[in-house]
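Note that the chains are named A, B and C in the order they appear, and that numbering of residues resets to 1 at the start of each chain.
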């Protein structure tokens, strides 16, 4: 079973999508199975990360922005703006697909795990996540 | 089919779980299929890495510890100890889900590939890996 | 259904395999499903990245080569050559498995997404990618 969610991002950072994914899983009506997420973009990521303290997510973003800064003279790919090449690198260092088992009709996420779309552009816009659910 | 293994970690580093995963695959009794691993934690990772020379795994750990040190003044998330924020960052840079095909009743790992739980905390404790196996 | 493709790499860098994967998906004859790729090596990666402007892929390679250089005195694992330990680290920082949903008999890749085998050795040689396709 295939579904799709759309996340509209207007700034860099982690946008939580746990509720949308859980809703798709519920509507599939499977007690056990596997939910696979696929992001159709190369300048954003899918991430499972701490959902409790927002300071952890902020530090994560700040750390990655320092590792992959916008003003790096190494970049030759600049036509789409200074945040484009860093976004591709960040996407390569993280994930664009995630597979999460389903048990009792719910994702088997740990207590402190949330699912996030990590936008790496300043104005990402419409981001599509395809969801595949099967037994 | 869902299974779970628990790995108790008492120090940072790579804990091999290849045998436990292969045992779960054997007990599923499928000749062909897909085995998906999911780690229910945000301060550890799942990793496929060289299983031959331990020096490769030690260098990998030392390299990542240097890239993501504990004493970085960037961190504001400090309440859970100096190894907590680095652990979240390391988890984001690596994988928490892996999907490995099954052929002839075994994982199709390459000759030099082992499956590891990579603990990023000094005292990780009980780590749960959910295993989904399907044709 | 399991298939395998072999990519022979003679230099570092991104080798596009989108067409080979799409051909495997077509031959499976499924309208909807999931295609999972698994790389049987620990010194290369699988990557979904921009397929339009080659400068983005070149910058990505150069950036990772700078982050993980060959002449790092940290390495003790040196028996297989100066490019071996960096290759293991690069592999750990990226992906060796990818899962891509299938819709209308094709991968649901975004307009600008291609699938690449990223060789991290100077002479990688024969690289095997196992493809699992299921509904």
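Methods note: contacts are C-beta pairs under 8 Å (C-beta built on N, C-alpha and C of every residue); 3 or more make two chains touch, one makes a residue touch a chain.
Every value quoted in this text rests on a predicted model; they were computed, and no experiment measured them.
A rotation of 120 degrees, rounded to a multiple of 5, brings the CA atoms of subunit B into register with those of subunit C. Taken over every residue number at the interface, the positions common to subunit A and subunit B amount to under half, indicating a different-residue contact.
A straight line joining the Cα centres of subunit A and subunit B is 20 Å long. Counting only residues that touch two or more partner chains, subunit C has 93, 95, 99, 134.
Against subunit B, the residues of subunit C that register as touching in their complex are 1-2, 36, 38, 40-42, 68, 72, 74-77, 79, 84-85, 88-89, 91-93, 95-97, 99, 128, 130-132, 134.
Subunit A makes touch with subunit B in their complex at residues 32-34, 47-50, 53, 55-56, 58-60, 62-64, 66-67, 93-95, 98-101, 103, 108-110, 112-113, 134-135.
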